[in-house]
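Shared between the two complexes below is chain A, which pairs with chain B and chain C, respectively.
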Partner chain A sequence: MEILIQQLFNGLTIGSVYSLVALGLTLVYGILHIPNFAHGALYMLGGYITLTMMTSAGLHYWLAIFVSILVVGLTGVLLERLVFHPLRHAPPIHDKIAAIGILLFLEAFAQFVWGADYQSMPTPYDKVINLFGITFTSQRLLIIVSAIAVMILLYLFLKKTFIGSTIIAMAQNREGANLVGINTNKVAMLTFMISGALAAIACSLAAPINLVFPGMGHLVILKAFVIIILGGMGSIPGAIVGGYILGFSESLGATYVSNDYKDIIAFVLLVIILSVKPTGLFAKEGR
Partner chain B sequence: MKKVKLMFVVSLMLTLVFALAACNSSSSTNSSSGGGGSKDGNTVNVGFSGPLSGPAAFYGERTLNGLKMAAEEINKDGGFEVKGKKYKINVVSLDDKYLPNETGANAKRLIQEHKTPIIFTPHSGGVLALQVFNQQDNFIVGAYTSEPKVTESGNKLTVRIPPRYDGYIEPFSEYTMERFGKKIAALPTASQYGKDWTEKLLPHWEKAGGQVVYNSAIDFTKDTDFFTIVTNALKKKPDVLFIGGASEPTAKVAKQARELGFKGGFIIMDQAKLDEMKKVTGTYEALEGSIGVLPLVDTQNPGTDQFVKNYKAEHNEDPGSEAGLNYMAMNAFVEAMKAAGSVDDPKKIREAMDEGLKNIPEEKKVYVIPGIEEDGGFQSDLIVGAVEKGKIVPIEVE
Partner chain C sequence: MAAFFNQRNVIALLVLFSVAFPFITQNEYFLHIMTLSFIWMIGVYGLNLLAGYTGYLSLAHAGFFAIGAYSLGLLTVKAQMNFWLAFVLACLITSVVGLFVGLIALRTKEHFFAIYTLCVGYIIYLVIDKWESLTEGVRGLIGIPAPSNIGPIAFDNALSIYYLVLTILLLVILVVYRIVHSLNGRTYLAIRNSEDLAQTIGISTMKNKLTVFVLSTFFAGLAGALYASFVRFIGPDIGSTAITFDLLTYLLVGGIGTLSGPIVGTIIIVWVSQQLQFLQDYRMLIFGPVLTLLIIFYPRGIVGGVVDWRHKYQEKKNRKLSVNSLVKPEKQVKEG
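Right, the complex of A and B next:
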């Protein structure tokens, strides 16, 4: 029983990180209509900036995260302006190539600036809490609580505010949104900003339990692709639910089936879900 | 429409240019007249193919640093003399991204363009790839890998620099079994190297009367979090954990095991270094009861202090054994060239290796390596250290 609860907690932790990454990916999908391959690199960049702010500028963890959100968010905007906006009338394959180019560029850039070695991010929340034989660390609790808070805020923003609904409108139909007077350029930039910010938050939260290195984006980005396919491309609840499904299937699969097959379990799940609902769990309506 | 197309082309090209420029800056910056000492008569090119980008780049860089430092010192002293001619060393490095096929392609390039008599490579896959053709193409493989297979195959032009890892198995198991108990859980890295280590260690552990309670590999390139797998391993109540891989992620595994309440000891694969692991865990206390390779900074050889000082001045970090051993190897090769009286005949150089190792000046002896085995392995003693009461102590091994 203790093991089950411990593993549910582990799944919840890792699922929260996956969900945050997938959310950023799914939002941008609404604009680009392709998965943004460079999202993993933005995630990595977020980790490095938080780390640099903490070690070089001596900022507190939260302040460093805030700076990181701004910087990565602005990098997202810059990417939209310099790369994806000029490509908006080009065939989708061009977007894909450009995204892969950005991914390669950012990884090489990180290695150039910060070096190739593993770095570890200190956290002020290093306490280990033992309750009824189950181990929580405060950083892990923080990941779960912050991720859920961010998700709720994002949901409220998209559903309850005017600007938020313009994002949804544009994801549903770019030309239609333009016709009713939405400034699609602004909305596209805003979406990239939010997507970058989500990547920065996810990485800054997850980095203390792992390490910061140029290739760290690969740890999550492939899984995030699986999640948005599983949840339905462009669907926000799909990204959240999908993230937790993958998190739980990994931790429980590793415990009750086999650690060596835990990735296979996740993919079998994907096959089953797509066989029943070929467009994903929460296929987007109105398109 | 034309404008859009133009902008697309320009932006794509810019991206490419930047990406390439950035890639380039990390790989070889060396350029020489080339041609193994023929053009200006004074340069010996020595090849290196290792990971200089991607997740293992830091490891490749550290091995390369050792080689380069040795070369710089030799050049600063005016080079070395063979048959009355002065030569300088030029290290030509190429990136193979840790991929054996790339190592092979790089080696071909090195021998064709730079006529390198020796090519260093710091991973077993690359070494095995080079051994396919090194005797035909006539170059020595400077193998920085503790994999015993590379010298067991009978390749006549291979030199294995570090001690073979199977030597560690007995002292490691003996120490931890005595200090902590008979139950072991194995959580090695999911590489070929990790698998080979595990396959040697676990049978030995069982033969010595121990019990293997859990065995599953961790893929450091795929797993974001190790809590799940460590929880499952600890469920079986092991006394000892076998962990390994690159130092930093290995240290994270150890740290998370402590967070989950593990009180036993760690057997640490020789790939991970205790001093590098300490940077992640903060103190040696979290690593109490670990046994592994003794960190270079804690060894007491004639040349160690000077080397550590020089390395720190240049790279701003403590050198690990990969830098130290490659430094030794480069010096040994140069001494061997002197003894052989040739800079371009790999067979003669290989035959003179034993003498070369003996001729290394005392102040350059970062490690004491008395000679070379018939099969090409350096005869170094195993240098083992353990963490006892928050401190590194050397462990004597016969």
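Right, the complex of A and C next:
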């Protein structure tokens, strides 16, 4: 029983990180219909920048995260301007390949600047807490709390502010949004900014319990894709729910099935889902 | 029709050059690189048939490449099977796996297809990596035998293997050429351009897509089997997404959806990589942006760019020749 609760808690931690990454991905997909393969690289970049800010510049953890959010967010905007904007009328295969090119570049770039070594990120929250018979570091608690806080803030931003509703409007209908006077270019940039920021937050939160290395985005991005297919491409609640479903099934699968194959769970899940429903669960009809 | 003879001459020259290549250089290392690029080309042709002609971007090709390589490796090393029997079986196994994957994968479209195949590729990689009792995991499979003799021809030195790979490559190109210029090839183009439209004129899209998918995995498996017998050591890394992206880079730089694209792209990238040896781990610093820039400015790669340029040039010439009876520029996709 204790193992179960411990694993559920772990699932909640991983799920929070997955949800944040998937949210960024789903926002971009909802607006521009691009499966942004480079999102994993943005995630990795976020981790490295936080790490560098902490170790080289000696900034506090939170300040470092803030810098990382800014840098990765701006990188996202740059990508939109330089790559995805010129490709907006191209066949869909082009976006994917362009995104792969960016992914390859960013990974090589990280390896070039920071080396291929696995690095660990220090955190001021490494106290071990014992609560109701389960043990965890306060970093894990921090991940869950901050992830949920970010999700609530994002929700409020999208639903309650004017700029937020322009994003939703554009996701619903690009031409329509343009007709009522929404500057779709600005919204696209803003979306990439938010998407990059979410990736940076997710990675900065998760890095202290994992490690930082150039290939760290690979698995995460693949799983994020699984999540947004699970939750419906472009759906925001879907990304959150999907993230937690995957987090739980992975941590439980690792304990009760096989630790070696825990990474496969997500992909098998996806293969099964797409075999049964080729357009994903909860897909909007008549797209 | 002058262009046609021109093209034929160019092809003949290229074949002659590749046949004479070992005698021109005498350098074992160059021979090695050339053989390796021929093997990649076969894989790239497989990818091209699917992504270039049918419009379905499969990101699982390194996985199929690895299946071909590991099938050959396991059948010869662990089952002690005759090489050529294992070789044929390796290609068949890959195609059968491709058939089953294709049956499900091709129900999805566009982004879903890319993501689905990416995940399939990753599953194949993880299975190879983790199934240690069969595949030896990260230690890799060593001692794969070189191709056994066919009658009097022995494949015990680099030169003979070079010619073996070259022969198979030429066969592959011939097959792809025949497919692309047949009614089937036109059908694939129709599917690429608009699947709904293709369906309305009575094309069974699923059947055609599945055929292409299986063919494409067959080529990937063939390349994998050749790779295993050439390098004689394989590790799970050959199934990683990095290899898929490499293949994609070769295809994109050469020209996706063109017949000569895979040759041009592979040769250029492989040789440039050789020149940039000191960059080995960082070569993607260059190739990544190149990939992105190409797709923005020259979506059909070098070959596509040259063909477009030639069309424009010819159009200009035609316009000069006959100002009144303006020849309509040929819209149809023409292979370089």
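Methods note: the second predicted complex is superposed on the first by the 254 of 287 C-alpha atoms of A that agree within 3 Å, B and C clash if a C-alpha of one lies under 4 Å from a C-alpha of the other, contacts with A are read in each partner's own complex, and residues count from 1 in each chain.
In this section, contacts are C-beta pairs under 8 Å (C-beta built on N, C-alpha and C of every residue); 3 or more make two chains touch, one makes a residue touch a chain.
This is a predicted model, so every value here is computed, not measured.
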Contacts of A:G176 with chain B and chain C, given as first, second, both or neither: neither
Between chain B (first) and chain C (second), which, if any, makes contact with A:L211: first, second, both or neither? first
Would you check which partner chain A:A116 touches, where first means chain B only, second means chain C only, and both and neither mean what they say? both
Thinking of the overlay built on chain A, is A:V268 touched by chain B (first), by chain C (second), by both, or by neither? second
Looking at A:Q7, would you say it contacts chain B, chain C, both, or neither? Reply first, second, both or neither. first
According to the stated criteria, A:S251 is in contact with first (chain B), second (chain C), both, or neither; which is it? first
Which partner does A:P278 contact after superposing on A: first (chain B), second (chain C), both, neither? second
Report for A:I93: first if it touches chain B alone, second if chain C alone, otherwise both or neither. second
Looking at the overlay, what does A:I102 touch: chain B (first), chain C (second), both, or neither? both
On chain A, positions contacted by chain B and by chain C: 83, 86-87, 90, 94, 97-98, 101-102, 104-105, 108-109, 111-112, 116, 218, 260, 263
Residue numbers on chain A that touch chain C, as the complex places them: 29, 33, 35, 83, 86-87, 90-94, 96-98, 100-109, 111-112, 116, 218, 222, 225-226, 229, 233, 260-261, 263-264, 267-268, 270-271, 274-275, 278-280
Flag every residue of chain A that touches chain B in the complex, lowest number first. 3, 6-7, 10-11, 13-14, 17, 82-83, 86-87, 89-90, 94, 97-98, 101-102, 104-105, 108-109, 111-112, 115-118, 120, 128, 130, 135, 137, 140, 206, 209-211, 213-215, 218-220, 250-251, 254-255, 258-260, 263
Would you tell me which residues of chain B are touching chain A in their complex? 1, 4-5, 7-8, 11-12, 15-16, 18-19, 22-23, 25-26, 52-55, 57-58, 61, 216-217, 221-225, 227-229, 231-232, 235, 246-249, 252, 256, 259-261, 279-280
Complex interface listing, chain C residues touching chain A: 51, 55, 57, 104-105, 107-112, 114-116, 118-120, 122-123, 126-127, 130, 241, 245, 248-249, 252, 281-285, 287-293, 295-296, 299
